[in-house]
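Below: one structure, written as structure tokens.
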Amino acid sequence: MKMRRGLTWAVGLMAALILMAGFSPAQAAPVKQKNLILATTTSTQDTGLLDVIIPIFEKKTKYFVKTIAVGSGAAMAMGKKGEADVLLVHSPAAEKKRMEEGYGVNRRLVMHNDFVILGPASDPAGIKGMKSATEAFKKIAAAGSLFMTRADKSGTHAKEMGIWKAAGLDPEGQKWYQQTGLGMGATLGVAAEKKGYTLSDRGTYLAMKKNLGLNILSEGDGVLLNIYHVIEVNPAKWPKVNAPGGKAFADFMVSKQVQKIIKTFGVDKYGSPLFFPDAGKKVEDLGK
Amino acid sequence: MDLILEGLKQAFYLLVTFDPEVMGITWLSLRISGTATFFSLFFGISVGTVVALTEFPGRRIVVSLINTGMGLPPVVAGLIVTIFLWRNGPLGFLEILYTPTAMIIAQALIAAPIVTGISLASIQQLPRNLRLQILALGANRLQMVWILIKEAKLPLLAAVMAGFGGVISEVGASIMVGGNIKGYSRVLTTATVMETGKGNFEIALALGFILLLLAFIINAVLTQVQQRQRPR
Amino acid sequence: MTTDAPILSVSDLFVKRGGVPVLDLPAFSIRKGEMVGLIGPNGAGKSTLLLALACLIKRERGRILFHGQVVSTRRETFAYRRRIAVVFQEPLLFDTTVYANVASGLDIRHLDRQEIGERVTRRLDQFGIDHLRNRSARKLSGGEAQRTSLARAFAIDPEIVFLDEPFSSLDPPTREGLLEDLHRILKETGTAAVMATHDRLEALRLSERMAVMRDGEVVQIGPADAIIHHPTDEFVASFVGMETILTGRVSGCGVGTIRVDLGVGELEAVGEARPGEAVRCCIRPENVTLQLPAAREETSARNLFPARVEKIQPLGLFHRVLLDCGFPLTAYVTSQAVSDLNLREGAGVQAAFKATAVHVIRHEK
């Protein structure tokens, strides 16, 4: 008898909780506010930079920014379909194509960071200190050392494929070339676990360095630059796009205030900044 | 191994100190899945009961559909909802893609067949003559249905719990239609995937642990409820 | 006048299930307070008839009049159902207390709490289950559950109660008790009842009128005595327990008696028939007595035959003895008799039965 009473209470409480949860006043989800859909990459979001910048933007402009973090490829596909208002991506070759096709307007340089080639401390392929990324890759291939790739059409993946191509190699299908299909952070975890080489953006590496056990073995090559642009989706192609919002955000990204934030972002936590602000510069001048 | 232990320690810390972000995510999960289950409850029990009690042409097909729907991969539901809610899709003008509302819709779509299917089975497995007995006592159709539902309240409760359990642990559709936006549409499952992808294992573990706890509680209640089934 | 008119009368009742005809009944009626027993083998259509009479299943054709009013539209059916009750073989109780179960019919009718309380208590008392009023229905024995089901049915003060083999899943002592109580309460309340059963003794105890069913039709209907002792065909005869059925031709007539030639012997029976007519003779085993072969006991039995014991089947208190007198004959004897007569397979005896024990079925109706 007692058991049944207690049970009824438990069930009733549970049901009440669920119902209550379903009907409590909506969170600060502004329905009447103008929505802005920002398509960007997982690596950008993972650094946490946007978590700092976007609240400032929202406060200033009263837009509600929906940050959809997917791979570069997917982000640009969203732009192509008019499902996003503004893009923040770092895959220059693909971006140029989109611009040519007319899907984006006002492509502006925002910042850059760079990629680094990581590997185990033992460095079986002997690439430590090499200045040329393509040469380093050639050496890894020759040694048949384990290499982890994201293989997910992300900006990082695109960069990596570019280097293999430049080195005249096609590692696809080779035993030592393993595809994780994961995000950057997870891929680093796998590389560390299996003591393999991989290509990563510096930002993610710095964020995870502490627990990892991978070292930077090659850096600085111009080809390893990772350049971020902000692109507004073309309202002429997609009238439903929030053009003024997109423009406002893009302007915001290249504004002095934000560029300053970018400059110092990450210093207190990792000892060096994760990004380098580049608004107004020319691409050719970068990295010098 | 150290990583896991370190992660567990962090997870415990986050839970015990009621870390606001983690608590916010949990509350949102309960809200969204709770609402979705609430709606699917009404749909599921009524449709399930009607189909169980009525003979109509094509009934077999409807029952097949319901059973198929129970096995509907959640990501497929997410895909369908996304396509409808895209800006350029038929319901794009509603502008509810990447909102908790869209998540509720997708989850309701996932939970409804589960609740319907189990309700259907629950009503069907009542003794065949019970319906006639209730009518013989002078009940009108509405009273009869209500009494039958009361008689099947234990398995029907299981149906609701199954629906809730299914959607609170769902991740594919939730990411697709919700966008995993911080503080807005980020729930336990989507946050766990993201944090794991970032390599933040301690947070991922904390979230995973809460999910497990919720699943455990639901299952415990469900088991207790089932054990009370009459031996008649 | 009004007490003689039937409260329920049915004509041309035809029911199909899955496209197959399962019930075909030209006429049927029940008077106030009357008790009718429905007997027949499984699949005869007893349950179907009950459910059709209660208007719980769809009928293909058929006119049902309740107190002279037609019951046909949904509203009429609903109003009719509120004045009758049905009890099934399974108790079909609700998952709640005995009290709540018995009150359920009254709850459905939205009566006020006090009245419900009075009526429920009265029925709980009547059926002897008041001490169980707060017990969960899940925790009742078979007999207690069926009593609850009965109390629930009677609580609404029905004018007719339809019972579908209500006691067949209970053990004999429980069955006994319930049968007694039901009979008493039916008489007290003046409620009419139609009860289906495959136990003819049970039907006999309770019924004033009996209907024998086979394959969806009522083969014979009439006062219980008539059915039991004067079945109109061999199906009914065997169903009511006349285990010996013999075919023969009438060889001679006397005053109120006839002689029937079986080919292997001659019988004397009570009745009227024409010479040469083909008839069937039915004899209840209870009416056959056995004697030792050489005995010349005083017996008024006109029929006395030497017989050989083919088989002896113990039936508890009685034994069924299958005899060969040239024709097959079945007798019931007590265990005492079995030992007194030294009955065993192959033994010789004399079998005797009166002319009045032979029931004649003439083939022309």
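Think of it as A, B and C in the order they're written, each chain with its own count starting at 1.
Note that in this section contacts are C-beta pairs under 8 Å (C-beta built on N, C-alpha and C of every residue); 3 or more make two chains touch, one makes a residue touch a chain.
Everything numeric in this text was worked out from a predicted model, so none of it was measured.
> In terms of touching chains, how many steps apart are chain B and chain C, taking the shortest path?
1
> Relative to chain A, which chain's C-alpha centre is the most remote?
Measuring from the centre of chain A, the most distant chain centre belongs to C.
> From the Cα centroids, identify the chain that ends up most central relative to all protein Cα atoms.
B
> Any idea how many Å lie between the Cα centroids of chain B and chain C?
55
> Where the CA atoms of chain A average out and where those of chain C average out, how many Å apart are those spots?
Between these chains, centre-to-centre, one finds 86 Å.
> Taking each chain's centre as the mean position of its Cα atoms, how many Å separate chain A from chain B?
It comes to 32 Å between the two C-alpha centres.
> For chain B, which residues are in contact with chain C within the complex?
127, 129-130, 132-133, 135-140, 143, 147, 150-151, 153, 230-232
> Okay, in this complex, where on chain C does chain B touch?
The contact residues of chain C facing chain B are 51, 54, 56-57, 78, 81-82, 84-86, 88, 90, 92, 94-95, 104-105, 108-109, 137-138, 152, 156, 162.
> Name, in rising order, each residue of chain A that touches chain B in their complex.
Result: residues 4, 7, 10-11, 14, 17-24, 26-27, 29, 35, 37, 42, 46, 51, 66-69, 81-83, 182-186, 188-189, 204, 207-208, 211, 238, 240-241 of chain A touch chain B.
> What residues of chain B sit close enough to touch chain A in their complex?
Touching chain A from chain B are residues 3, 6, 27-28, 30-31, 33-38, 86-88, 92, 95, 97-100, 157, 164, 179-184, 196-200, 217-218, 221, 224-225, 228.
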